[in-house]
Amino acid sequence: MGDTIFSIPLWADLLAVSVGSLQGAMFAAGFRDRRLDLLGVAIIGVATGLGGGFLRDIFLGVPLVAFSTNWYILTAVLAALVGMLLERLFRKLDIVITILDALTIGLFGAIGTTKALSLGLPEIPAIFVGMVSAVGGSVLRDILLNLPIALMHVGSLYAVAAGVGTTMLVVLHLVGLNITVAVVVCVIVTTVIRLGAVRYGWSLPEQRALSRPRLRRHPRPS
Amino acid sequence: MGDTIFSIPLWADLLAVSVGSLQGAMFAAGFRDRRLDLLGVAIIGVATGLGGGFLRDIFLGVPLVAFSTNWYILTAVLAALVGMLLERLFRKLDIVITILDALTIGLFGAIGTTKALSLGLPEIPAIFVGMVSAVGGSVLRDILLNLPIALMHVGSLYAVAAGVGTTMLVVLHLVGLNITVAVVVCVIVTTVIRLGAVRYGWSLPEQRALSRPRLRRHPRPS
Amino acid sequence: MGDTIFSIPLWADLLAVSVGSLQGAMFAAGFRDRRLDLLGVAIIGVATGLGGGFLRDIFLGVPLVAFSTNWYILTAVLAALVGMLLERLFRKLDIVITILDALTIGLFGAIGTTKALSLGLPEIPAIFVGMVSAVGGSVLRDILLNLPIALMHVGSLYAVAAGVGTTMLVVLHLVGLNITVAVVVCVIVTTVIRLGAVRYGWSLPEQRALSRPRLRRHPRPS
């Protein structure tokens, strides 16, 4: 299965980690009333930047890449502190961050899916692992901040972008395309969908049942 | 330890997954104000239907069964979407769903505990793994929905049913009973306790300290 | 790498687990309005006392130590129930519990970091694993109770103490000191910082940006 192995240079992986981590710290900075301390910011940075990769490797049962060198955790912590300190600057660079972040989820999704394929996983689990790699960090961030998970709610297409991108990757791989080409398509498709959602407000339909509108609200505990 | 290996046909496992997933989606459907989108419903379905098995296999350090074929994730996603779309129908089938769900936790508990025993784990960890298999999905569901974990609070006997069932299984196995018989007893005991809790309102005592009831917070004169 | 292997007697490890578990149950007992049942208390106990070790072993990809004998889970459950029943007594022993707990995080941090080093991890990941071992239980406790993660917010130095202690351990190990001495220093440093934070109110700076004070609150969803 050598043809499914796709590796990127360490600097590119670290750049993606730092974008995720910086995003996480800026997100957390919005919550002034929660009074995170510096360590809290660093934890959110590590969770957002590295969480997807942690979950990917734990799900795949392989050693954590983020533990293979000192650079991953160091990068995530530093990026989080920079994101906190220079928050005002980065808010002005909003569009740059959004584009880098869209590229990051595309890249994380592609790395996760190709890694899963190279370990022999079937197609749908490979797509699932790619999606977890892409969005797991933001899910962990929301759990640690005790917030509703943003990406499950109407309006982001964050995970959908990763899902469509990694599905394209798997399909192109199945029809025999070179893995590098498939990865590039995955990153482009993910980025375009994500940026389109931000720019044009694309979204998935809200949950609904096949029936007349129900106005009652009675969650059933189990 | 070949005598502790208990395997069920794929269709039965998938049926159990789909019951869990469908339950999760119906539960999430109760929260109209949270506005999950379709992907959010699918995520809750996967977490509820497959979460227990994910945790089981990660705790046991073995490859995730749910990644071994395309069917597990596909089944969980489809069951969640069906549960969302046909929510009104399934609400009317409430008793059927409750019975299937009680059977499901019994079955997941039995699979988890026998798998742990077959890997050589001692009795109490094996019971623990069975309980995590049975109720892990519902815990993950509540974490992702940012709710208090339902099963830790007074009134469900959800996890207790799984705990008593898997304990029975381990005891019967220790006294030398055939594993299939022990599994059947586990499933029956779990189902009966769970349905009894639903029907007759059985519950565990609330947490309390060994002392006179304290209604006040000021120190007692001594 | 034999020189990084540091093992403690089972009774010491179980004592540390029971301190964590007892602390977790007492913490949960503070929430009368949440109405945990007995099982909920046991779950919180297991999560707080064993959660750090679970995360450590999952991150390191090794079999869970807590599953190697019946004693770990049994100890955690019993300590949680004792903590619940004798809550009033233990509240009076507050200072004893606080000291035992500070020793416990020092010990868990040292065990985690030395285990990581003995598996060949680089320094920073080894420190990270030590910190997760020390504070992972309290993070899981807060997630299960649906609370903000206490240690990320201003005022505890809980994780900081573990971080400084394990960093000391790694530095002393790098300069060639005997591992047992390094462990003892780690436990002492961690304990002193933690107790100093409790006694003198030491804390880390709150998150802030390099700019004029901002009073707006606009969390950005991603």
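Residue numbering begins at 1 within each chain, and the chains themselves are lettered A, B and C in the order written.
As a working rule, a residue touches a chain if its C-beta (ideal position, glycine included) is under 8 Å from a C-beta of that chain, and two chains touch if they have at least 3 such contacts.
All values derive from a computational prediction rather than experimental measurement.
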Viewed as a graph of touching chains, is the assembly arranged as a line, ring, star, complete set, or other? complete
Note whether the interface between chain A and chain C is symmetric in residue numbering, meaning over half of all numbers used appear on both sides, and answer same or different. different
Let me have the rounded angstrom distance from the C-alpha centre of chain A over to the C-alpha centre of chain C, please. 28
Going by residue number, chain A touches two or more other chains at 58, 61, 143, 146, 155
Chain C contact footprint on chain B (complex, rising order): 58-59, 61, 116, 121-125, 128-129, 139, 142-143, 146-149, 151-155, 159-160, 163, 203-211
Considering the complex alone, what residue numbers of chain C touch chain B? 28-29, 34-41, 43-44, 46, 54, 58, 61-64, 66-70, 72-74, 84-88, 143-146
